[in-house]
Structures are given as structure tokens and as C-alpha cells.
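Each of the next two complexes has chain A plus one more chain, namely chain B in the first and chain C in the second.
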Partner chain A sequence: METISLDINTKIEELYDSGKEAFSSSSALINKSREEAFCIFKKSGIPTKADERYRNINLESIFRHNYNTYIKKRAIDFKIDDVFKCDVPDLETHTILLVNGWYHNADEQLTILPGGAVIGSFLEASKKYPEIFEKHYGKIAKPEEDGLIALNTSFVQDGIFFYVPDNVILEKPVQIINILISDEDVQTMPRNLFVVGKNAQAKIVVCDHTLSAQYFLTNAVSEIFADRDSLLEIYRVQNEHNGSTQISSVFIKQLENSNVLTNTLTLHGGSIRNNINVELAGRNAENQTIGLYLCDKGQYVDNYTFIDHAVPDCYSNELFKGVLDDFASGAFSGRILVRPDAQNTRAYQSNNNILLTDDAKMNTKPQLEIYADDVKCSHGATVGQLDQNALFYLQSRGIPKKEALMMLMYGFTNEILSKITVEPLKERISGMVERRLRGELSRCNSCVMTCTDKSHSC
Partner chain B sequence: MEKEQDKILTEITENDYKYGFFTDVETEFIPVGLSEETVRLISKKKDEPEFMLEFRLKAFEKWKTMKMPEWAHLKIPEINYQDIIYYAAPKKKKQLNSLDEVDPELRATFDKLGIPLDEQKHLSGVAVDAVMDSVSVKTTFQDSLAEKGIIFCSFSEAVKEHPDLVKKYLASVVPIGDNFFAALNSAVFSDGSFVYIPKGVRCPMELSTYFRINAANTGQFERTLIVADEGAYVSYLEGCTAPMRDENQLHAAIVEIIVEKDAEVKYSTVQNWYPGDKNGKGGIYNFVTKRGICRGDNSKISWTQVETGSAITWKYPSCILKGNNSIGEFYSVAVTNNYQQADTGTKMIHLGRNTKSTIVSKGISAGKSQNSYRGLVKVMKKAENSRNFSQCDSLLLGDKCGAHTFPYIHVDNKSSIVEHEATTSKIGEDQIFYCNQRGISTEDAIGLIVNGYAKEVINQLPMEFAVEAQKLLQISLEGSVG
Partner chain C sequence: MLHIKNLKASIDGKQILKGLNLDVKPGEVHAIMGPNGSGKSTLAAVLAGRDIFEVTEGEVTYMGKNLLELSAEERAKEGIFLGFQYPIEIPGVSMVNFMKTAVNEKLKYKGEKPLSAAEFLKLMREKKALVEIDSNLTNRSVNEGFSGGEKKKNEIFQMAMLEPKLAVLDETDSGLDIDALRIVANGVNKLKTPENATIVITHYQRLLDYIVPDVVHVLYQGRIVKTAGKELALELEEKGYDWIKKELEE
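Then we have the complex of A and B:
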């Protein structure tokens, strides 16, 4: 059995000891679970390739790199408006910023939105709303199940807290911008907690960016709780440079009649690993987990999803599509579990991939585990190339080959894009995907926000 | 209607195993347990040449360093490998030349099983190698096959008569250290079948092996080696049964197939080891390594299996598609009932250009059983223009059973197309209702639906076997198959 060499785990233990003073600013609840989690981490360490869930990614080589960790918040001197300007005129959002894993707002740590919804610093909120944290923090992201969760829980300090009270409908989407910027190589471990109350509705757009050319490692954990009759949509646009590694673990728990959609759009990044875990814990809950990944050069994208049908009458639909160019490699692993007595379950899963070169690689593993009989479940996976007949058809109508290929690829991705319900966002992202496919997309003009300072371009 | 369905499902769940008799044949055992001595003793008993003993010892050394695999979706009770008798053979009084000399008890056994051991059943046109416990009992039609240059004999005979062929091909597809059970088999295997089809020969009849575990407390470890030389063709059948016993018995076999240029091998299995009783007591542990290699261009391997027996099945008949334009096929129906567990599927490794593979897997789970499909399709970089299509469907009869799918797909080039699809469902009430409307009873309707569901695979079996397989489905899902 492979083991991660001791020095990496020792390094992390030293870091933990050195951080003890800084951790004292966190709430008691968080520090209590921190200690428990670190005990677990000391036993489990970073997952190896022997762990079936991480068989395609070499975490050892990722964690071996010498990163700095900002145990204390470092003042970074910029204002959101100076760095970003939104170029989608119709898209109005509540925008907040996370810089190197720390909530960034000069004025206030927590913002009250219409209807009493709260968004802001995780650190601040853990002190101000202990009852919410008591109820939800660490409840679905369990350190004993994954070394990376244990690691995050051991080092958790800041991140995003988002709370929508019962019966509140947020008209404007909330936009969270994760920025990595530094003059040295940095690892961050942000922690997010989203709670959407009964009959509440919200939409979240998350953008991930790197604004300097250093190496970055993110090991983020998000816990998302959707109460009865709630509606939540999360769009995630991952757009980092080739030297960055992002490991993001999202845990979603849904109660009765709740409806959650996550759409993960991976446009750019060095190594990206998305863990999406959904627990359908209330009847008639609906979940859609979709994603698109476009990779080229030596990029690596690994999506791991787990949909747990714990109760009867739930619906889940999963669709991931990818285009791999150059020598990029991709992995998809989808697991649907239908527990005993979760009758009348409908669960669908599909993963389609296009390989554009002989050096591109794809591993896919759609799994079904079913313990109830009255179910309708299916999964499918394909790996192939663009339809030659369709290409010929377009060419025969006078469309140049390059353009025809573009049209087909764009058509392939459109199934994912069409599921974006925020109209201006859909247009903007469609444009980005098109430019990405043409190879014109540069990192700095690639977000919903536009970077005005071009000196950072990769 | 619910009630009626429940009744039928109960009937299915409580059906009995029809091959569970025990034959009182005088049997020779070696002492229980496994050590280097045991390995040497087996080799000595079989009067094997030196190279075989070396092979066994090497495998045994390797096995000692290995651990039982735990990745399968199975709950395997701990197996005490020192508690098994590794060699049991019906006592032979002298060398057999004609069927009349075969122990009448033994013949009666095979008659009961409906195996055409008797040459009078010549018309059925199947040459049979019957393996009881660990030893090949009788191979029929050897002479007429020899005329065409075909070698069809027990493995121990092949070791003595054709050592060069055995040396050349043995463990060339399944290396001794391939996995835990393969290593164990390589160390202690007692007999099995050997087939060699020379260049350009099309084997005129189906070749068949019938495996029977008879003695108590024994394990069965047989080994099949099939070689089809350039342009040859053979269709090979395998069947198995065992008596009903309260304790679990281990069966760890290896099948290796080597297919040269333009040759084709079709391998069909109807596996009906004793599955244990209604409470999950007893039954055979069926841990089998089956693998074939398409060595030459335009070669083909086709696996068809109907799996109805065994308490636990761990089996992945695989194809290594090395030759350009070679083809691999896998058709499977796996039925699990009561407390049976099955983790079965295939591996298709595409190495050559324009290679094609098809996987059709149909799982049927009833009672409290767990039925998993586990498969790997791997397209290597040089396997340009390769094509794979996989379909694995699961049918659930009852709310206490499970059906699972674990497909792995790896693709390393752009010109290949790999498709996988799977569905899981129970028998549609609307389908049953439709049949009822047309005057078909619920019982018959379930039969029709299950039959239609498995048809795609059953159709791949040679005729004699298709009949048997259908009968088996009928028994396994008694009262529901029309």
C-alpha cells in the first residue's frame, strides 16, 4: 500500500502547532472541532492513490510543494472596485470578495441583505451566530470520512457565511469572488457555510481567480444546507492559471421539496478536483448536479460526485460534459446510492467526453449502488470525438472546417449552458466558453468581472 | 395483483437446488491443510515433470506474500485456507479405455446431470471432459478429434503428452502472481482441460467440460488452457454443479485462452454451483480468473456466461485485444437469489488498432441478494479507432436485494469511441398489466419479461447450452418463467 511520505504530514503538524495562537481568535465551537479533526488527520494523513476516491490524482506531489500558509490575515491593499469592474451591465449582484481565503471588506465583516439575509465573513459569523453554527457546522462534512476534510477542519479560519432566513426570496444573485494573489506560493483552506431556510430562494455565483503567477493550492470545504421547500442555485466558474491546484469539497443536504442546482464550469486551472456530495434527506427533494470542463495543455480536471438517496420519492439528475485538448487529462467519478426503502427514486447520470488529441486522456467511472426495487436509475458514459458526419454536413454547406468544428463543440457544451437560469450570466458565460474553445480566452478578462490591471496576465 | 406478485416472488425465493445430490464414489484425499509439502504431494500424486513442480512452488511462494482482495462489493466470511482439502480424486482402479470401465456410480452421477458422457449420445455432437472433484474422469471423442490434429484432454495428460505446448502457453495470459486466487490455483491446481486447435482447423463439434464438486471439505482448483492456432475455431462449453452441503466450499479456477491470427474461440459457461440454502447457509465460493488474449490480427474471443449458482461469485472473464482488428465480446446473465452475492463483469483491454469490444450484462437480483457488475474498458494510446459498447442492465425482484454497477472507462486516444449505458429498474407494472389484459397470468407474464430480458445473452449460447440455460433460469426463478 502506498503511503504519503511522513515529511508532508510532519510539515502539516508543525504548521498546526505554529498556528495555535492565531486559532484562538476563532469561536470555541470551531476550535473544539478543530482539535478533534486534527487528531483524525494525524491518523489518516493526506489520502493516497490507494483510496478509491482519489485513485486518479496524485495528492502527494501536490502537497509536497513548499507553500506558505497565511495563518493570520494579511492586509492586502486593494478595493474591489479598483481591481474589478463588472462588464455585464444587466447583471446586478451582491458582490463579496475572498482574498487568499480571507474575507475582504474594509468596512464591515457581515452584510445584511434585503429580507434579513446575511452574507460575510465565516470567522465573524461563527461568533455572532453561534446557534446557526451549532446546528450546521461540521454536520455534513465529516473529518473522519476524508483526510482532506480533516485537514480543512483543522486549519479553518475564514471563508464565506451565507444565511437566508425562512420565506425570504433574494431577487439578486450573490456573487462570491475568490481571489488568489500573492508574491509567494500560498496554500489556503477556506471554509464556507450556506444555510437556506424554509421556503427561501437564492442564487449564488462563485468565481475563482488567480491574479498573480505564483503557485497556489486551495483546499476548500463548503457545507450547504437547504431546508424544506427551498430553492438554491449555485454556479461556479473556475478560472485559474496553470500553476494552481484547487481541491473543493462541497456537501449539500436537502430536506423535503427542496430544489438545488449546482453547475460547475471549469474553464481553466492547473489541477482541479471537485468533490460534490449530495444527501437527499427529505421526500420529493430534487437535485441537479451538472458541470462542464474544458481543458488543454497539461491541465487536469477531476470531478467526483456522490448522490445519496436516503429517503423515498427523490429525484436527481447529473450531467457532466468535457472537452479535452492537447495532453490534458480528465476524470469523472459519479456514484449514486439508493438506500434500502428509498422507493420511487429517480436517479440519472451521464458523462460525455470529447478527446481532441491522441495525448488527451479520460477516465470515467459512473457507478450505481441500488438497494431498493421501485426505482428508475440509469447512467451512461461516452468518450469519443466530434461526429464526422455532422462535420461533413456543415462543410458541404460551405462552412470552413475550423468554424464547423467550433459550432459542433459549442453545440456539445450548450446542453450545460442552457441550464443557467440567470439570463445575463448565461450570455456572458456562453461568450466565455466560445472564446475558450477558440483559444482566445485570457485569464484576466475571463470572469464575470473583468480585471482592469492587465499587468497580471499569465 | 400485489399479493399475487408477492406469492410468486416467495416461490422464486424459496425454490430448491436440483443438483444437490451426493454420489458415494470411493474418493482419495490428501490430508487437510496447505503447505509446501501439500504442493509437492499434489505434484507427486500427479506424477508431474520437474518444471510443473517448480511452477507450483514459485506460485506458492508468491501466494504466501499476497492478501485476499477486498475491493469487491462482497461480504466474504473469513476463509481458513488450512481447513481445506486441496486434492480429492475418485479412486481409479485402473486406466480407463472405454466407457464401460467407468465407475457405474460415477456414470450415474453424470447421467443424472444430463451430461452426454455416454458415447451413445454421440448424436448430440459434444465432446465432453468430465471433471469430478479435482480430477478429469473421462474425455470423450478424443480419437475422432485427434484425426484432425485437435488435442482435447485433461490437463494432467497434456503435461505428460504435450509438455512443450503446456510450457509455452501455461501462465502466459494469467501470470502466477496475477491475483490472490490465481496464485493459489497455480500452486495447487489438480486438473482441468487442455485444448489445442492446430492451424486452419475448425473444430467439428462443441467441446465441453463438466465440473462437479462431490467430496466434502474439498476445494476445487482446476485449470483450463485453450489455444487456437492461426485460423482455427472452437466453441467451448463449461458447466458446473455441486452437492448441497452446510459448509462453504471453495472453487478457484483459472481459464486461459490464447487466440492467434484469424482464429476464434467462443467460451460459454453455465455456472450452477450450489448457491446455499434459503438462509444463506452453505454454497460454493466461486473465485475464478478467466482471461483470453487475441494475440494475432483479426482474432476473436467471445465469452458468454449464465451465472445462477454459487454463494459468492467473483469472476471477470477478460479479453486482451492485442492483434489489430481483434474482437472481444462478453455476454452475461447473472441471477442472484436468497443470500447469494455476485461481483462479476469483464475487462476489455484494447491494445491493437481497430479493435472492437461489446459488453452486454444483465443482472437479475431477488431475495436478499447483492448483484454487482464491475467492468473495465481500457483503450491504450496505440489502439486507434477502437470501439466499445457496453450495456449493463439490472432487474430487481423484491425490495431487499441490491443491484450495483461499477464500470471503469479509460481512454487514451482521440479516435476511439467508448460508450457505456446502464439502467436499473423493477419489472414494470404496466408491462405485467398489459400481459394480464391479454389473458396471460401474472406468473407467465413475469416469465415472459425475464426471458425477453435475458434473451440477448441466451441467444449467444450454443443450442444445447441455451436449452440448459433456459431451464436453469426457469429453476432459479421457478414459477415465473413460462
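Then we have the complex of A and C:
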């Protein structure tokens, strides 16, 4: 084992050396933290199973695969309209595209939205807005805490930058489409920075797609800063093919009275690891971390959450639900830390799973560390089958078994879907979930806010 | 309409129904009474097609068909309705979607076209009024958070929506206050026609003041041990079941 991981890490060191020239296009700040992060990575390497947080996933075997890395942006002739060609009357969004981890827009690298909000290329923004990067970049996701963050920070080039100035309310959701497309196996390490100012509001939808059949590995890191009194909702729809591996680490820092919701919906993908880390750093901050995963065949979905109640009077609510079919497997770990000062904390967590076969497996583990005494905390995990009494109840009203099973599964997921606040978005995602449960959703033909019936080959 | 001969059924190898006979004709109301654990709910579940119970012997003919060969959903579409003693809560499945699916499946089975949204809503409104069910209940998930009484009313509401030929109501009266009992009984009476039949399972005679049975049976230890007119219910109310047990021992 040890020699194998040495091999992988040596390979990464070589790759790093070969990237020096390409890295020079990044800002001084990015490159300074790049060097620091790489020093850390050389010591830590890719996390092994000895790391409690990664005990359910074999990262070494994932990284062992021979992927290409696009250290330089590679021209891909690709237009969003070629793939998603239809108008959506009921849900207008600002839509932007990331292709193989690079911001993709022929016309402009940064787009100014109403109220002076900005969305666009991370690379470009790091040069144009050094003061924002100075303040937030590398401050929320810390390389010393996780080898994968160190790795991402070492190879950072592009990704998404999103900034909402103080007091600006974005009416339209922003949609980010991550696309992987290549004629060879590729690994990408996109980096995102979202900053939502004081009293500002935004909603983001992120869709992940693979548009070619190659193997892909993503090691993405997102840093999200929610200033006081801000409101942010992030809906993530993961819909990659089963030959892809996605490791996504999201770090959220919330100041007082901020309210952040993340809803991670995993529909397709080979192996998926979501790290969702929330630091409640200001009083009365509220966080909802929810998610739904529907897996079949040999899919693996692993959600790891860490909610850090660092100050008093905060609220967090976590709810993850999963349906696992065939020989799919999944893991959920929910760590909640209530620090000694964090009195009047309310922290809730639950993870409910339905296994449709005897071969499907789920590993679920809460981890509560409570050091304050005035705390309301609860957690619960269930792994079970569909309720046979409920099934019979539906059948006894003349509903065929297949349809009754569908209704029960859909009903099970409904608790998550009902928490989507944008009505047309809720309808669209609900439609996708229903088609997924019926086995009618292909991995790549639908994006939440583009038309759902157009398909293309991949 | 329904003809049960020497029905034996068991669960996990334990025999519950031990040779049960029953005949029900169109237009009739039968009451089945009996102490707890006699097998009343088991009989209802077997008729509705619950497959955890294994029928080991006997025949059940319904409208000339071998009922035991039909799946639960086919039985429902053939007009059998079970009012559950303990209605099931189904979070996330809305009453509206549930009923729309059930009604349209039945229409499809009969070769008719599904109801339009407007037709369906009209039907819902009518039937809700019939059982005086709170309008909000149909906007909620099936039975979720319903009170005991609401759950029972909801069973009758579903019965009204599906217009069964043979309804088996399993302790639909238990846990109801007198107003709710009256509403439920009224609902059942209004749905009565000369073509359909009702089997009312209860262990109180109270319900039978409102739903007047043609025949009363006593089910005890997996068999129907006594059958008589509606006066039997009163007698049971007065004397309890012990005299029947004694009679049987003799």
C-alpha cells in the first residue's frame, strides 16, 4: 500500500514541476498559496483509509488511474447551445459554463449581473479583484487540513468566481453547468470562490455533466463566504456517467444572521464523494445541509458533512436521504461539533436510506462532539426497505405494484424536493428525480434548467 | 357475490383461519363480530389479497371468479375495498395523487378514459362532502398526522371515490366519537345500493345502530361459530362473548 501511494504522489510531484510555466499566468497570491499548499501536500499526500474521514473510500485506487491533466486550457470547440438547445419560459437564469474545469465563454471572462454582482472565471477574477481574494481565498478551505485541498490548491487555475455585493438581491438564479468532455481520460481540479455580501441574496444551481464516455476524475474545492444577514441557496445536481469519479469539497463560512442552504442531489455518477463543511461563525446563523442520492448498478456515493457550531445561538439542520438499488453502495458521515462557547445551539441531523436489494449497502455514522451544555441536538439514521404495509395499502386501492413502488420511492424523496424554494426549479428537479426512479433519465441529456426531453448521444 | 368455503389461512406457519364459511349476496350488509384475536382482520386481509397470509385450504369465489388467483390490485379493480383497521401513513405521497392514480387505474381497467383534472376535482369535492372530511386533509400526505377519527373518515372517503361492489370495513368504528361515528355510518349508508354489499367488522354493537346489518356472524378462533339476525348483536352487547365460548365447549 505504502509504495503505491508513494507512486501516485511522486507522479503528482512530476506533474507539478511540469506545470510551472502554465502556473505563471495565475496571480501572485494564488501562486504563493500554491507553493505553500504543495509543501503541505508533499508531506500529507492523498489521504489514505487511515484518515477517519476517508475510511469508506479508497482514494489511492482512484488516483492510480492514468488520467491526463490539462495544465493549460485546451481549446474545445463547444457552444452551450449545441448541447442545451431550448428556451425555458418559466425559469430564467444566468447560465455559465465550465468545461473540464475551465471557464468557457468566448466573449467575456467576467459578466456583470444586476446590482453589480459578478460571475465568471476564477482565474480572471483573481487578477481583477485581488482584495476579495486576499480576504477570502484559502481562508475557508485550508490545505493543512486535508491532502485533497492541498492538492487542489497546488494545481489551482480556473473555476467559478461569484460575487454579490452588499445589499444586492439577485432575483434570477445563477446556473453553473460543469461539463466534462474529452477524447482521453482526464482529471480536473477546479476551484470556486463565492462571496455573498452583507444583506445580499442569491440562489445558485450547479449541474455536473459528462458529455463523452471517457473516465473523468474531479477534485473540486469551493469556498463560500456568507456575510452577515445574507441568504444563499445552492442546489447541486450531480448527473455524470458511471465512469466518472467526483470529489467535491465545499467549505462554507457563515457570519451572523446569515442563512445558507445546500441541497445536493446525486442522480448519476460512478463514485462520488461530497465533503460539505460549514462553519457557523456568527450568532443566529442558520444552515440547512440536505441531500438526496439515488444509486444503482455499482455506483458509490459518499457524503461527509461537518457542521462546526463555533459561536452561540446558531441553528443547523441536516437531512440526507438515499435510495440504493442493485449492488450500489453508499456512506454518510455527519460530524457535528459544538464548541464550548456555543450555548443555545440547535443542531439536528438525520440520514434515512432505503435499500431495494439485499446486495445494496449503506454505511451511516453520526459523530457528535458537544462541549457546550445548553444545546438541543438530535440525530437519527435508518437503513431499511420500503414499507410493505404502505405498499399493500396502495395496491389495495387498485394501484399496480410497480406504480405503487414508484409512489413510495418518490414519496420518500419528496421531503428533500419539497425544500426547493424556487417553484419551477422544484418542478424540474422533481421531474428528473421521478424519471431517474423510473429508470428513464439518461446520465447526460438533461440539465435542470434546460429542456428535459432533448437527448444527445454520449 | 362472495362465497367462502372452508377457508384456512396461516401466517408464519401459525394457522389463524381454521375452516371459515361465509356467503354474501348483493345488497346485503353483514356484520362480523368476535373477541380480539379471533381472526377478523386476517379474514379481511386475505380477502383483499395481502400475501403475507398463506391460504392453505378452501375456496373463495367472488362474482364468479376465483378470488385467490387475483393480485391485490386486481381485486381492488374488480370492486373489492378494504377499510383498514389501522390505516397506513405514507409520508410524501399526497392524498390527491394517491386518489387520482387509484381512480384512473380503475377506469383504465374498465376500458374507460381517465378523468380530466377538472372532473377529478369535482369528484373529490362531492365525495369529501359525503363524509364531511376536512378540505385540508386531501392536500396532505396520505394519513400523515391524521387523528384517529380523520383516518377512519379517510377510509370511507376512499371508498366513496372508488365505489366498490364489496366493501370490507375493519373496525371502522373504533376510536370514533359519536359524531364521527354518525358521519362514517351515514357515508356507508349513502353508498349502499342493491348491487353492492358490505361486510362490517366490529366489536361494538354501537355501530350497528347506524349501519343496520341483515346478518350478524360471530367469528371465534378462526371460524364463524354463530350466525343470526341483527338481534344477535344486541345479545352479544348484553352478555359478552363468554356464553358463546361456553356454548361451544358443550
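The definition used in the following text is that the second predicted complex is superposed on the first by the 441 of 458 C-alpha atoms of A that agree within 3 Å, B and C clash if a C-alpha of one lies under 4 Å from a C-alpha of the other, contacts with A are read in each partner's own complex, and residues count from 1 in each chain.
The definition used in the following text is that contacts are C-beta pairs under 8 Å (C-beta built on N, C-alpha and C of every residue); 3 or more make two chains touch, one makes a residue touch a chain.
Bear in mind that the values here come from a model prediction, so they are computed numbers and not experimental data.
With chain A as the common reference, chain B sits beside chain C without any clash.
In the superposition on chain A, contact is made by A:N389 with chain C only, not with chain B.
Judged by the touch definition given at the top, the superposed model places A:M407 against chain C, while chain B stays out of reach.
When the two structures are aligned on the shared chain, A:K361 is found in touch with chain B, with no touch to chain C.
Once the two complexes are laid over each other on the shared chain, residue contacts for A:N68 go to neither chain B nor chain C.
Once the two structures are superposed, chain B and chain C can be ranked by residues of chain A touched, with B on top. By the touch criterion defined above, A:E369 lies against chain B but remains apart from chain C after alignment on the C-alpha atoms of chain A.
With both structures placed on the common chain, the touch criterion links A:A381 to chain B but leaves chain C unconnected. Working from the superposition on chain A, the chain A vertex angle toward chain B and chain C, CA centres, sits at 70° in steps of 10. Once the two complexes are overlaid on the shared chain, A:T48 sits clear of chain B and of chain C alike.
After superposing the two complexes on chain A, the shortest C-alpha to C-alpha distance between chain B and chain C comes to 13 Å.
Judged by the document's definition of touching, no chain A residue lies at the interface with chain B and also at the interface with chain C.
Residue ranges of chain A in contact with chain C, taken from their complex: 387-390, 392-401, 403-404, 407-408, 410-415. Interface residues of chain A facing chain B in the complex, by the touch rule stated above, are 52, 340-341, 343, 353, 355-385.
Of all residues in chain B, only 71, 73, 379, 381, 384, 394, 396-426 touch chain A in the complex they form. Listing the residues of chain C that touch chain A in their complex gives 48-50, 52, 71-73, 75-77, 81-82, 84, 87-93, 97-98, 101-102, 105-106, 109, 141-142, 158, 162.
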